[in-house]
Each structure stands twice: as C-alpha cells, then as structure tokens.
Amino acid sequence: PNYVCRTVPAGVYNMEVCVDSVESAINAEQGGASRLELCGNLMEGGTTPSLGMLKVVKQKVRIPVFVMIRPRGGDFLYSSVEREVMMVDLCLAKEHGADGIVLGALTENGRIDKDFCAQLIGLARPLPVTFHRAFDMVADPQQALEDVISLGCERLLTSGCDSTVLEGLPTLKKLKKQSRGRIIIVPGGGINERNLPRILKDTGLREFHCSASCFKPSGMVYRNTAVYMGGALRPPEFGYKVASTDRVQTLNQIAKSTVQYSSQVKSSQ
Amino acid sequence: PNYVCRTVPAGVYNMEVCVDSVESAINAEQGGASRLELCGNLMEGGTTPSLGMLKVVKQKVRIPVFVMIRPRGGDFLYSSVEREVMMVDLCLAKEHGADGIVLGALTENGRIDKDFCAQLIGLARPLPVTFHRAFDMVADPQQALEDVISLGCERLLTSGCDSTVLEGLPTLKKLKKQSRGRIIIVPGGGINERNLPRILKDTGLREFHCSASCFKPSGMVYRNTAVYMGGALRPPEFGYKVASTDRVQTLNQIAKSTVQYSSQVKSSQ
Amino acid sequence: PNYVCRTVPAGVYNMEVCVDSVESAINAEQGGASRLELCGNLMEGGTTPSLGMLKVVKQKVRIPVFVMIRPRGGDFLYSSVEREVMMVDLCLAKEHGADGIVLGALTENGRIDKDFCAQLIGLARPLPVTFHRAFDMVADPQQALEDVISLGCERLLTSGCDSTVLEGLPTLKKLKKQSRGRIIIVPGGGINERNLPRILKDTGLREFHCSASCFKPSGMVYRNTAVYMGGALRPPEFGYKVASTDRVQTLNQIAKSTVQYSSQVKSSQ
Amino acid sequence: PNYVCRTVPAGVYNMEVCVDSVESAINAEQGGASRLELCGNLMEGGTTPSLGMLKVVKQKVRIPVFVMIRPRGGDFLYSSVEREVMMVDLCLAKEHGADGIVLGALTENGRIDKDFCAQLIGLARPLPVTFHRAFDMVADPQQALEDVISLGCERLLTSGCDSTVLEGLPTLKKLKKQSRGRIIIVPGGGINERNLPRILKDTGLREFHCSASCFKPSGMVYRNTAVYMGGALRPPEFGYKVASTDRVQTLNQIAKSTVQYSSQVKSSQ
C-alpha cells in the first residue's frame, strides 16, 4: 500500500529538522523547515519525546511532526519490555497528533528486524513511516534497503552507513540508485552550511535532515559550578589507541593504487 | 496540608532507585528497592520519561513509581513553553499511574521558583511531591529549604549542594537539623556500596536515593564501529585549566588554620 | 631558501603517520609509513612529546621523525612563557635526532603569527618545517597560505579549515591551486580507509597524514573500576543546543538554490 | 637508606600543587604552594612533561619541582619500550633540575611492580621519590603499602584507592595507621576548598596534593568553531547502564544493618 508519494516533484525539496524542544520546533518552522522530527535528548542521538512535548509542539507549529520512537540511546536490539514500551509510545503519539512515525530495529546480526518493524508499522498506519539511522548500523546495506522497502516505509533516513553523510556519500549514491524511486532516501548526519550544496548536488536527493542547532548559553545569573547533574565521559582507563600495522598497510596500499591509477589516467590522456 | 507522614519510623529506612528503563525498574524491585524514581536519559541527569515507559513500568512492578518532570538537561530555569510541556507531562503522568511527582524549578538568581512550583504541585496533588536536585544549584540553601517546606513538598532530594552526597555532607547535616522533621531529606548523588554506611551514620537520614547501576554490554554481534549516534564531548578548544593563585592561597590558608587548630586542640588536652 | 624539494615525483606519494607512542611508531614503520609525526597525547590533538620518547623512537625506527612542538591543547595563541618552552623544546628535539619540526602559532585575530613562527623556524633550520593544523583555525585561509609560504615552510598540514579533510575538500582544492607547487599541502584530519581514495583523487595531493589507530584493550587482569585518573567531560550544565532560525533559513536557501540550479542544468541539457 | 625526613614537624604542613604549564607553576608558587608536581596534560591524569617545560619552570620558580614520569594515560602496566622511555625521561629530568621524581608501575595482577620500580628509583637517587596514584589501582592496598615502603619511597600519593580522597577516607586512615611514620602519605584526588578541612582533620595528614585550577577562557578573538583538534568522548554505542539487582540488594542490606546498628546504639544509651 502506498500511503504517500515516494518522489519529490522537480525543483522542490523538503528540509526535515530534528528537534528536542518546543523552542527548537518553533525556530525550525520560522526558518522554513518543511517537517519536524521530534525527539527527546539529542545528546543520546534522539529518543522518544515526552507526550507533553508532542502536545505542546502540535499547538505551536503547523508543519508536520514526525515522532521518534526509540526507548533509549545505544544499539537497536530491543528486549521484549523495550518493545512493549515502544508499541505503547507509538500508539500514544499517534493518538496525540503525530503526523508520522520514525522507527527502526535490528537483529543481533545487524539485519533489519522485519517482524518487529512490521508490527510497529502496523500500529503506525495510516501515518507515514520513516526508518531511521538504525539502518546505518546494518551489516549489509543493500539487503537492508530491500527489507526497508518491503516493509513499506515511505522514507529512509541514513548517513550512508558512515559517521556523517559526507563520509557515507558513495554508499548513499548506491542506495539511491538501487531504490529506483521505491522509497525517499533522506540524507542525515552532520549536514551543515558548508557541506549541504555538495551533498545535494552529488546525490540528487530532494529531502534532507539536520538539526541546524547552535549552543544557547543558560539564562541563569547565579551558577553553582560545584555541582553537575548526569553522567560524565572519561578517557578509558583500561585501554588506549595505538597505530595499527594493518591499518597503516591498508591505507598505504589504497594510496599507492589511487596514485598509480591517477597517473595512468593522465598518461593515457 | 500534610499528605504523607514526613518521618520514617525508627529502624526503618527507604531506598529509592533512580531508573530509566523497565529492565532497571524490575531489577530495582527484585533487589529490594522501596520506591522508584522513573526518568528518561540518566546521562542527562534524568528527564521526563516517555508515557509508554511509565505505563509498562506500572504493569511490571508493585513498588511506588515517582515520576520525574524535567523537560531537558541543563539548568532549571524554564521558558514559558517549557513550563507548558512540564504541566502537560505532569498531568499525563498523574492520569497514567504515577505514585508521586519529582519536580523543581529555579529563578535566574538561584532561588526556588515558588510560583511555578506551587502551580506544578497544585496539579500533582494529592500525590506526594519530591523537590529534586535543582535544590543543589540554589544560591542560599537555608532559605531554599524553607521555601521547599512552605511549598508543602514531602521530600527533598539533595546532595547537600555539592557534586556528591559525600562532598555535601556538612551542608546535608545542617539541612537536616534545620528541617526539624518538617520534610524528609533524601540524600542522592554518587551513593555507592563504599560510602553508604558513612552517609547513613553521619546524617542519621532514613531514606536514600541511588541508581545502583552497572554497565551492560550490548547484545549486538555485528557492530559497525564507523558510526555513532548523538553528540560527542570534546576538550574545549578555546580555554584551558590553569592553577589559580587565589585557589592555591585559599587552600593554603585552610590547611594552615586546620593544622594550627588541630595542634592547639592536642596541646590543650 | 629551499631546503627540500616541494613537489612529490609522479607515481610517488608519502604517508605520514601521527603517533604518540613507541609502539605506534614501530607499527607505522612496519605498515609502510614514509614518515612519522611524533606527538604526545593525541587525545589533546598532539602536544610536544617527551624527549625520552623521541630518543627511543629514533633508536627503533629508520623513517624520518618529525617532532610536534605544541606546549598544550587548546588554541594556538601562546604567552611569552609558553613561547620560551616551545623554543627550548624545539632546540632539544633538534639536538636529539628530530628529522623535521612541526609547529604553528596564531595571533588573537586568527592570522599566522609570522614573527614568532619565523623565530621558531630559524631555530629549526636546517631541518624541514611543517606548519600544522593551527592553520585550520585562521580567519583568512588564502592570506594564511601566503604567510606560511613566505615563512619558507616545506609543508602545510591542513584539513581545509574544517572538522575533517572530507569536509574541508573544497577549501583544500583552492589551497592546492593557489600554492602552485610552492609548498607541499598534506591533508590530515579524519582520513580513513573509506575516504582516502576520494581524498587523493579529488585533490590530486601526493602526501597525506593519518593516525591509522585502533583501540587496544589494557593488559591489566585486575581492574579497580572505582578509580579514574584525569579529567572528565560532561554535558554543559549552563547552556544547551537549540535549533537556530538563522541556520534553518540558511540551509533552506542553500537547498533551494542548489536544487533550482540542478533543475536548470538538467532542463538546459 | 633514608634520604629525607618522613614526618612533617607539628604545626607545619606541605601543599603540593599539580601543574601542567609554566603559568600554573608560577601561580602555584605565588599562592603559597610548598612544592610542584610537574606533569604534561592533566586531562589524561598527568604524563611526563616536556623537558623544555621543566627547564623554563625551574627558571621561574624557587620551590621544589617533582617531575612526573608517566609515558601515557591509561593503566600502569608498561611494555618494554615504554619502560625504556620512562628510564630515559627520568634521567633527563634528573639532569635538568628535577628536585624529585614521581613514578609508579603495576603488574597485571594489580601488585606494585617492585623490580621495575626499584630500577627507576635507582636511577632517581639521590632525589626523593613519590609513588603516585597507580597505588589507587592495586588489588591489595595493605600489601602494596608495604611494597612501596620497602622500595624506600619518601612519599605515597593516594586517594585511598577510591575516586576521590573524600571517598577513600576510610582506606586513607588505615594506610596512615599502618605506615607508622615510615612514609609520608599525601592525599590527592578531588581536594577542594570545601572538603580540605575535613580531610586534614579526619586523617591528621600534613601534606596534601591538589591542582587548585580554574577554567581560563582563550584569548582568541577570532574563533573557528567548525574545527576541533584531538579526540572526542561519546556515549558508548554498544552498551548502556542498567540498575543491577545485586547492587540494589547490597545497598539495601548495608542500609538495613547501618540503621539497625544506629538504633541499637541509641536504645542502649
């Protein structure tokens, strides 16, 4: 079943802004975003937002609000209780005004968890569904794309299985070609003012996803700097980074063959 | 109005475990927790959990579930839209089985935001209310304690306005003395197996708050290490730490007077 | 004065591996590195290594060892005592076997600090000098390149003034064109197996810089996890990220004009 | 052999300030520090400083400068090449004005590596030697203290084998008692203005170690925020924190027995 058109008309594009606050949602709409991806806690990569946030966001903005269903940061392998939480949150989001659902789940071997995703998508319908960057963690992107398409997802949010869209550009292009218009591929991960033109030109994609955020200093005048909430990240005590003979060798060989190839191309011209 | 008894009977104590997943909630109950503080994203210090998580937790455990109402990490100065979100989330939590509400808000000058807190507490009643560690960020703990008591909160969760309960012990003791049984002071922040006996003995407090957590490795067999979700913390590019003449001087004088005092005490004995 | 050839012969390339341990130095040579950049503490981006490390590395490897002179992490604006430290360390490195010197300093306005760099380079000669990624922090890369060339540096290590080489590719290409063989431009910052071919092909550069490192678990059998050394990074307490109307607008306009341009190109074909 | 007096006269105490820059060294002396521990890169917990830093610090301050010999962050189990580096750096530091040496090494089973430490100490003599917080990572603090004493170290820098001195206070007191004046125990790790009086009073120790640092903003007027040097810490992708039934149970039992004990004490009074 095709719930929405899977291609974007020529000359048109859609900008999805990923937000984790009402303020960001309002700013995004004012700046001209086409759509929101509403999350909680982007520091963790985006988790299920609170229902209160969804309800207030829906009062404040008119553009579509797609809601992230992700019960925690970390991997995309979910226990049975986590699955229950996701299903309840999805239904609640749908009841309270979500215009689309953003989801994803993998098996321990890095394949799309088709059974569970189908269950979630069944609950989400008739809303449009985006499969999120869990995709970037799969073992076989080609197979995974077919799985996501067969699930009927309208969109796939991906960085091309690399740390950023720019890094994943070669994979993104392959995915676009393979998709043949069966799904809207939305590049997302590290998009900024400097790399956006290259990404759009290189991929020919017509939607993109970004947070377009900046650091906003606190309004607090009194600041107790002795206290901090939450967790801290520390350099690992038991382990360290070391140059790898293997990686040096590989990079070495890549450079050699790239340069030889370039030389041959030049000399043959 | 007194909704619950503000003193704990002799020989009895209550252990509150702070959780951000159903798994943690179940583990906490199995381990003998008296009560849960249900949050999302403890990495950010605990934010409002998703309603789906609350509903599933309520199905799985029988001990009381107090729900955190905090729309984001960072400071406790909230904009008007953030206040709306908090009020909606509080009402939803109350409707869906919360056994208590955990909240807190400050003014920009580091005082308890009594007006907004009173509004939230009004919505929370008849549920018991805990004022959370926003308290640890106040400018004047003595005044702030009176404000929290006058708001009618049953409990105050605090580390004694320092980075951990152990660091804040002197302030905690003063707060306990000042409270004269008008509120249950719950020490929380960095409590572990090694420091718990000292904390309970030194303060004489009968409730405590901890996460009792450990790191659980992912179940994923296939791992794409080229990709990471969410944010990263980096050493600051524009600034660095430097020894402060003032701080050296202060620590110096503290040491001098402490040692002199100790010597006098000894010689006068 | 030209101390070394500033162009790399056709079909040849040089791989510089950035190391902060003897083990990494040995691994890099074994893997086929052409040259080492020896630093301390890569977590801070690379600082001056200890002289003991330089001496032992020189005993263990035969490829050239270029030594980083950087007294701390953070910015590249140095106080007079920091300058003294840098000059002493540079002379010591030269005396103890350094085959090249890696340095850089800026003024507070983001220009190359030509006076201080000239002083350092004077001390470094006759060794070859690489100007490091302080370059990536300048306000005007075009002017800065002329300054670095006029200082007589043999090499410029740069990511194209962006977070990684891939992100900085457009600037890197401009710099290469502008340099007209007057300096060897060495791309460095985030180079890995996946992006190296693209970087070499797109830029036509013949040297590159990378760490080629992997995480090595500690050999400790007994591990006290209650203790950690050094600093921790925490999410900032007083400030948070918010979507910026300005950035959303800018990205929006970039997308619009990019897509329109692409459409025009297509329709005109 | 007794190189220095191992007890501090009554009414006297010594403040050691841990510094990683000349500026910090000067500030520490001006603030009244008795002694410096000179390190590089405190973010990594302190590593061997560059020789240039030692030489300039020795020109600028008159108080004794103890030099850290630690080739990298992370654990204290060193490979043979790391040992070579440490020995060379130690000799260089001694030749260039170090007034004392700070060192430490462990075996993989968490014992003091007596053979290697003896070798290092032999090179360090006649300078006084401090065994550093590698001690806090040992499996058996009581045995380790005897080992450190038998090695002839004048001082032991320790947090009591816990994350901070305040956390490790019970162990610190036991170590002090066990030491019977055979070594100067220097508490270090998280000492600040608020906890220093408690630490000195509770332990009766007469030396202490701290960094007394504050954050100093960069002097750069132009700031390229698109670029960062060095590493980043991220929330782990493959694993997360979960409440542990075991830890909840243990804390539960500790609380129960502590409260019962307190009740008995009260009722028997």
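Going in written order, the chains are labelled A, B, C and D, and every chain counts its residues from 1.
Just so it is clear, a residue touches a chain if its C-beta (ideal position, glycine included) is under 8 Å from a C-beta of that chain, and two chains touch if they have at least 3 such contacts.
Here the structure is a predicted model, which is why all the values come from computation and not from measurement.
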Looking at chain pairs C-D and B-C, which one is connected by more C-beta pairs in contact?
C-D
So, comparing C-alpha centroids, which chain is the farthest one from chain A?
D
Just the number, please: Cα centre separation of chain B and chain D in whole Å.
30
Just give me the whole-number Å value for how far the CA centre of chain C lies from that of chain D.
32
Inter-centroid spacing, chain C versus chain B (mean Cα positions, whole Å):
43
By residue number and range, which residues of chain C touch two or more other chains?
21, 23, 42-44, 72-75, 162, 167, 192, 194, 218, 220, 223, 226-231, 233-240
Counting only contacts in the complex, chain B reaches chain A at residues 20-23, 26, 40-53, 55-56, 60, 71-75, 77, 79, 81-82, 84-90, 92, 106, 108-110, 133, 136-139, 159, 161-163, 167, 218-224, 226-231, 233
Residue ranges of chain C in contact with chain B within the complex
43-44, 72-75, 192, 194, 226, 231, 233-240
Counting only contacts in the complex, chain B reaches chain D at residues 10-13, 15, 17, 19, 21, 23-25, 27-28, 30-33, 42-43, 162, 164, 166-167, 169-170, 191-198, 200-201, 204, 206, 208, 210-218, 220, 223, 225, 227-252, 254-256, 258-260, 262-263
